[in-house]
Amino acid sequence: MNLENSLPLLVVLSSLLPGLVIFFLREGSHRLRTVLNLAGAVIKLALVVLLIWGVFHEHSYETRWTLAPGLDLVLHADTLSVLFVTLSTVLWLVTTVYAIGYLETSPHRSRFFGFFSLCVSATVGLALAGNLFTFVIFYELLTLATYPLIAHRGTPEAVRGARIYLAYTLAGGALLMVGTVWLHVIAGPTAFVEGGILNQMPIEYHPQLKAIFLLLIVGLGVKAALVPLHGWLPAAMVAPAPVSALLHAVAVVKAGAFGIVRVVYDVFGVNFVDQLGLLSLLGIAAAITIVYGSIKALSQDNLKKRLAYSTVSQVSYIALGTAILGPLGTIGGVVHLVHQGIMKITLFFTAGNYAETLGIHKVSEMNGVGRRMPGTTLAFSIAALGMIGVPPMAGFVSKWYLGLGALDAGMAWWVMPVLITSSLLNAAYFLPILHRAWFRPQGPEWPAEHIPAARFETSAALLWPPLLTAALALAAGLFAAAPYSPLEWASLIALKEYGL
Amino acid sequence: MNSTSLLVFDGLLLVSIVSLAWAALASIDARRSVILFMAFGLVLALAWARLRAPDVALAEAAIGAGLSGALLLAALHDHDRTAAGVGSSSTQNQTSAGLTTVIRWSVTLLCAALAVGLGWALVHVFDHPANDALARAVAENLDLSGVSNPVTAVLLNFRAYDTLLELAVLLTAVLGIFALGPARAGYQPAGLIFDGLTRWLVPVLILTAAYLLWVGAHAPGGAFQAGATLAAAGVVLRLAGRHQIGLPAARTLHIVLAAGVGMFLLVGFALLATGRAFLGYPPAWAGSLILLIETAAMLAIAATLVSAFVGGQPESVTIDNEE
Amino acid sequence: MTDVLIILVSLPLAGALLCLLLPRAATVVALITAVITALASGSLLYAVSTQGTLLYELGGWTAGLGIALRADGLSALLLVMVALVILATSFYASAYFSKSAARAHFWPLWLLLWTALNALLLSGDLFNLYVTLELLGLSAVALASLGGKIAAVQAALRYLLVGLLGSMLFLAGVSLIYAGYGSLDLAVLSRTVEPEPIAWLALSLMTAGLLLKTALFPLHFWLPPAHASAPAPVSAALSALVVKAAFYLVLRLWMDVFADVVTPAAADLLAALGATAVLWGSWRALRAQRLKVLAAYSTVAQLGYLFLFFPLLQALPPGPALDAATGGLIMLALSHGFAKAGLFLAIGVIQQRSGNDSIAELDGTAQRLPVTTFAIALAGVALIGLPPSGAFLGKWQLIAGSFATGQWLWIVVTVIGSLLAAAYTFRILGHAFGSQLYPSRAFAVAREEWPALILTATAAVVLGLAGASVWTLLEAGA
Amino acid sequence: MLTTQLLYALSGCVIVALGLRSALLHSSLLQRVLAINVMGSGVFMILLAVAYRGAEVAPDPVPHALVLTGIVVAVSATALALALARRLAAEQDDD
């Protein structure tokens, strides 16, 4: 048992074990629970830093455990997994702090934080999955761990939302599993390898491979909320804000997008997918989702709903990047995995703050909130502008590379219009909010003011996380060229994928 | 008797058996079916004797016809006392008349097909000379078995394990019956004549049982026939209105019920301890060990059958329900 | 060393006698017997994994003249499942019956049931199998009727008649086999039986009898009332173990003794019935109003899975692919055994705490008993076949086999069945959320809650993570 | 082949079929129990016919032992069935 074969496992356990302990904690033992949560998060972060360093220096980390003949559970660290692991670990730490502040007084906290930790463990495991079999396992575990979080409030609509979520994701999971088994039968164990492993398959298998690809993409598309498989996402909005943040930025939706990236690059190989004539299909699906999500977002008055539809649209940038042949498109897609995460989590934190502090749930209630909660609103604005793609924000970097990639691959004629329309639509549903928040006069009183303005506009645990993530979003754009920046890492991945 | 007359005898016997079976199953009146069923059993015993299976014939007469009959009649007795009973319909859903006729016919055809199929397959089998390997093996090892009656040898030596589990089945049945509640109320004390009859009938039955047990080693008979006869004595006492019917108090009764299986296990474990196989009797001891087991088995069988006939633990005997 | 085979039968039997003779000490005696027998089962598993198939010739007579006990990987695995389930359930029962007078009757019958199960799993002789079937049937019926509510007695009576009919059909088959081949020893028969009328007829009679006992659709009608009206520990054993025993026999006869006699068409017939069972059972479970009825119908469905893949085992040529699929099937059976037993125990806890098991009135209870609810969730994971349950690995291997042999239909049925299972599981779990009542600890485990949790966790986690050993064991004891 | 053996075996088949038919069709508890017993007797007859070796040769003792066991098992089952029926009747009276 040395670092090489234990580190990936430790990264998973660092959140799994605290989670299991937390289940048994007394509801009142607030401090111990907080300590466990933060300790887990910090330790995980430390381990991940070690992992980044190691992978950057070409060390290979792999944990392998045989479950059945021909079925190995493999946790393996490569550049892509490290990118996702880092994202989820950093954001988990922030979200934990936020959640502790957010759930101060609400019941069932031990249950909540228990499943919260399981949820992150599943995400990390899925990020480190070394083959499709392992990926499927953690993909399903993620579904199970999120269900109690969505249903947490126990209100009828919460339970209903959770049920809808399950119906979608379990069905998707089943398709993913069937597709994977099928692939196993014709191609043997499918380890993730840069450049894919299937391009050598004889021609007579191509029809089957097409069917398998569709099964996998539909299965993953459910969590990635590709239209028309996105129905669960708005319904899941009933969850507490930290959960929504996790769902949209770190865990569920990202897992779907990440899976698509994995399948296209490391199982089939992007060139082979193109050769099968399925790459453009994926691109079209992504494009439709991008535009559809933005249009739906326009008409939502409920803030979280609007953000939800914006997620539907934004996450498909990742799929779009994958569908663009060539390293530049890849960079754009992969880097957006990070950028969208940072920006979207900021938006949900702030939305949570408005709700918790002033009882604001609707866009129409936000007049003049900027004066009452400047910090929160500043964070919101940064993230929103980033989403629109205003330079030099993170979102701009992603879109820039997507555009270049499209030109490079000669897909500009349909990608460019999509990018421009969606950016305009983003502006159309974000800018009015900013205008209301900063320039409209404040109404007579707030819907329900819980936390009176004391030292800060709201409790510190709620205020700092969004400010921090907003700063990250800004930095990711400003210092995109710095070493270890998401962009740099994404370029590294792209080079490996294309064997350059 | 020459072969043709034997053939006629067989024909008549089988015709009567089949028609008795048919009549017993076809009759609407529960009482009549029970009586016919008992007759069916008795004629079967004849058939078994004809097929040179005297042990089975005895068992059939004593258990198949005798005690099953007694049990069924006792059940009918309840049936007369209670509104709903064993005679009553147990199926909840009454399907439409049209459907039922369809079902009737399809089931009948199915069973007819089964009969034909079975017969056809057996005809095929009987074409070939019978496979005697096992029969020969039994004959060869008979001297080592400790008894000279091959059936007893198979029952208590070669396939003793079957018999052990069979006694476990009996025990399970009686425990299940006990779990269902107290015994029936006894019968009215019988009149002088019947009472006097029992005074000599019971000892005779007990003697017969002892004889059957003893003779089983080398001639037709054995624990089961003996146990059944002994049980018959109990039944007679019960009918005579004796409440105690020779059954001991709960604790002792339990010991007797457990005796059959218990003795088997004791012998088995003892042999295991001496490094032999489970129930692997040393040839020298085999005879006496078998007699030992059979005696215990006989008592257990008798106690079981009587308890079953009484329908629970006898009134005087109440299962000691601790705290 | 092979003595352990007969010990596994005689030990629980002796325990039953002791419980009968020492009613006051019955509970203690039974628990001690359970622990020792469980250890013996473990040692048998170890022995098989090291020495391969074990043979024990009773009375020292060669198999054929005498009766032989045999233990291979399959029977050893099932024996251990039986042991663990009964052990856990016994501890639960000691709490469940602590106040009821039925206790004195329960323990002897309970150990007799165990005797029957072990005897059946080890027996290597057709007629002896008939006797064990009867012992199993009678003890199961006697236990099911405990408590003596009218519904229970009625269900038990029907259960008994069905069981008797089943064993009679089986016996008819046995006598045909003896007529045709002059032997009852399974090993001898597997060499001598040939595809001819007598063998076909015998096998169909025995199979018909066993299907009646294992409640394969449409012969399942007796199961839901019997399993739903018995006391919780009994329901657990009936649903998890007793029906499995009959399934084990079918598997043994079809894949082992009569392997050359079975025809693909016959296997397809079984699979078609299995498919209907999966869909119909799951659907009825979804419509059920009471937890126990839900669990019982889910058993009907899960048994369907076990027959769904017979054509697959038929079609695959001997080799790694077949071993993988067979292991998958066994894994499904094991995983369901643990999960369903745990589920019934959990339902028993709920029933005793809240006085009923109606799904509509579950809200309060599900939140007051988070551990039990969690156990139900774990059971659900195994019933649906989600990772990391053993069922997940099992289904994976079987679906793989179906792809390899191009038997698409079974894949579709499996997927639909799994989704229906998810539907009826989360229909229960939906009640676990809400904020009106909650304990100070999310997990405060009461004594009677442990067995369910342990059993379901075994199905949903342990079996999955330790899955590889199941396949290696089947290889070793093959 | 022996005509006796065949005659008895075939009658055994008929009895099995008769018993099975009533076991499947009858609604009356008592008659179902009887039917199953009759069916059993049919099976026993087949077994004993198989054991039969003619007037001179001693029959095969194994089936005889099997049938003896079968008879005892059958009577135990019958007893339990009747006891259950009796309890059921009592319960139904209470209601």
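Every chain is named by a letter (A, B, C and D) in the order it is written, and numbering of its residues begins at 1.
Quick note on the criterion: a residue touches a chain if its C-beta (ideal position, glycine included) is under 8 Å from a C-beta of that chain, and two chains touch if they have at least 3 such contacts.
Everything quoted here is computed from the prediction, not taken from an experiment.
Asker: Select the chain whose centre, defined as the mean of its C-alpha atoms, is least distant from the mean of all protein C-alpha atoms.
Answerer: C
Asker: Which pairing of chains accounts for the highest number of C-beta contacts?
Answerer: Top-ranked chain pair by contacting C-beta pairs: B-D.
Asker: How many angstrom lie between the CA centroids of chain B and chain C, rounded to a whole number?
Answerer: 31
Asker: So how far apart, in whole Å, are chain A and chain B when each is placed at the average of its C-alpha atoms?
Answerer: Chain A and chain B have C-alpha centres separated by 73 Å.
Asker: Quick one: chain B and chain D, Cα centre-to-centre, how many Å?
Answerer: Comparing mean C-alpha positions, chain D is 11 Å from chain B.
Asker: How many angstrom lie between the centres of chain C and chain D, each centre taken as the mean Cα position?
Answerer: Chain C and chain D have C-alpha centres separated by 29 Å.
Asker: Which chain A residues touch at least two other chains?
Answerer: none
Asker: Quick one: which residues in chain C touch 2 or more of the other chains?
Answerer: 127, 131, 134, 138, 141-142, 145, 148, 153-154, 157, 172, 176, 179
Asker: In chain D, which residues are in touch with two or more of the other chains?
Answerer: Counting only residues that touch two or more other chains, chain D contributes 16, 19-20, 29, 32-33, 46, 50, 62, 66, 69, 73, 76-77, 80, 84-85, 87-88, 92.
Asker: Please list each pair of chains that are touching.
Answerer: Going through each pair of chains, those in contact are A-C, B-C, B-D, C-D.
Asker: So in the complex, which bits of chain C are touching chain D?
Answerer: Interface residues on chain C, with respect to chain D: 127, 131, 134, 137-138, 141-142, 145, 148-150, 153-154, 156-157, 160-161, 164-165, 168-169, 171-172, 175-176, 178-179.
Asker: Quick one: which bits of chain D touch chain B in the complex? Just the residue numbers, please.
Answerer: Checking each residue of chain D against chain B gives 1-22, 24-35, 37-38, 41-42, 44-46, 48-53, 58-62, 64-69, 71-80, 82-90, 92-93.
Asker: Please give the residue numbers of chain C that touch chain B in the complex, ascending.
Answerer: Contacts found on chain C: 3, 6, 10, 13-14, 16-17, 20-21, 23-24, 56-61, 64-67, 101-102, 104-105, 108-109, 112, 115-116, 119, 127-128, 131-132, 134-135, 138-139, 141-142, 145-146, 148, 153-154, 157-158, 172, 176, 179-183, 196-198, 201-202.
Asker: Chain A touches which residues of chain C in the complex?
Answerer: 320, 323-324, 327-328, 331, 370, 381, 384, 386-388, 392-393, 396-397, 399-400, 403-404, 411, 415, 418-419, 422, 426, 429-430, 433-435, 438-443, 464-465, 467-468, 471
Asker: Under the stated contact criterion, what part of chain A meets chain C in this complex?
Answerer: The touching residues are 23-28, 65-71, 106-108, 110-111, 114, 136-137, 140-141, 144, 147-148, 151-155, 158-159, 162-163, 166, 170-171, 173-174, 177-178, 181-182, 184-186.
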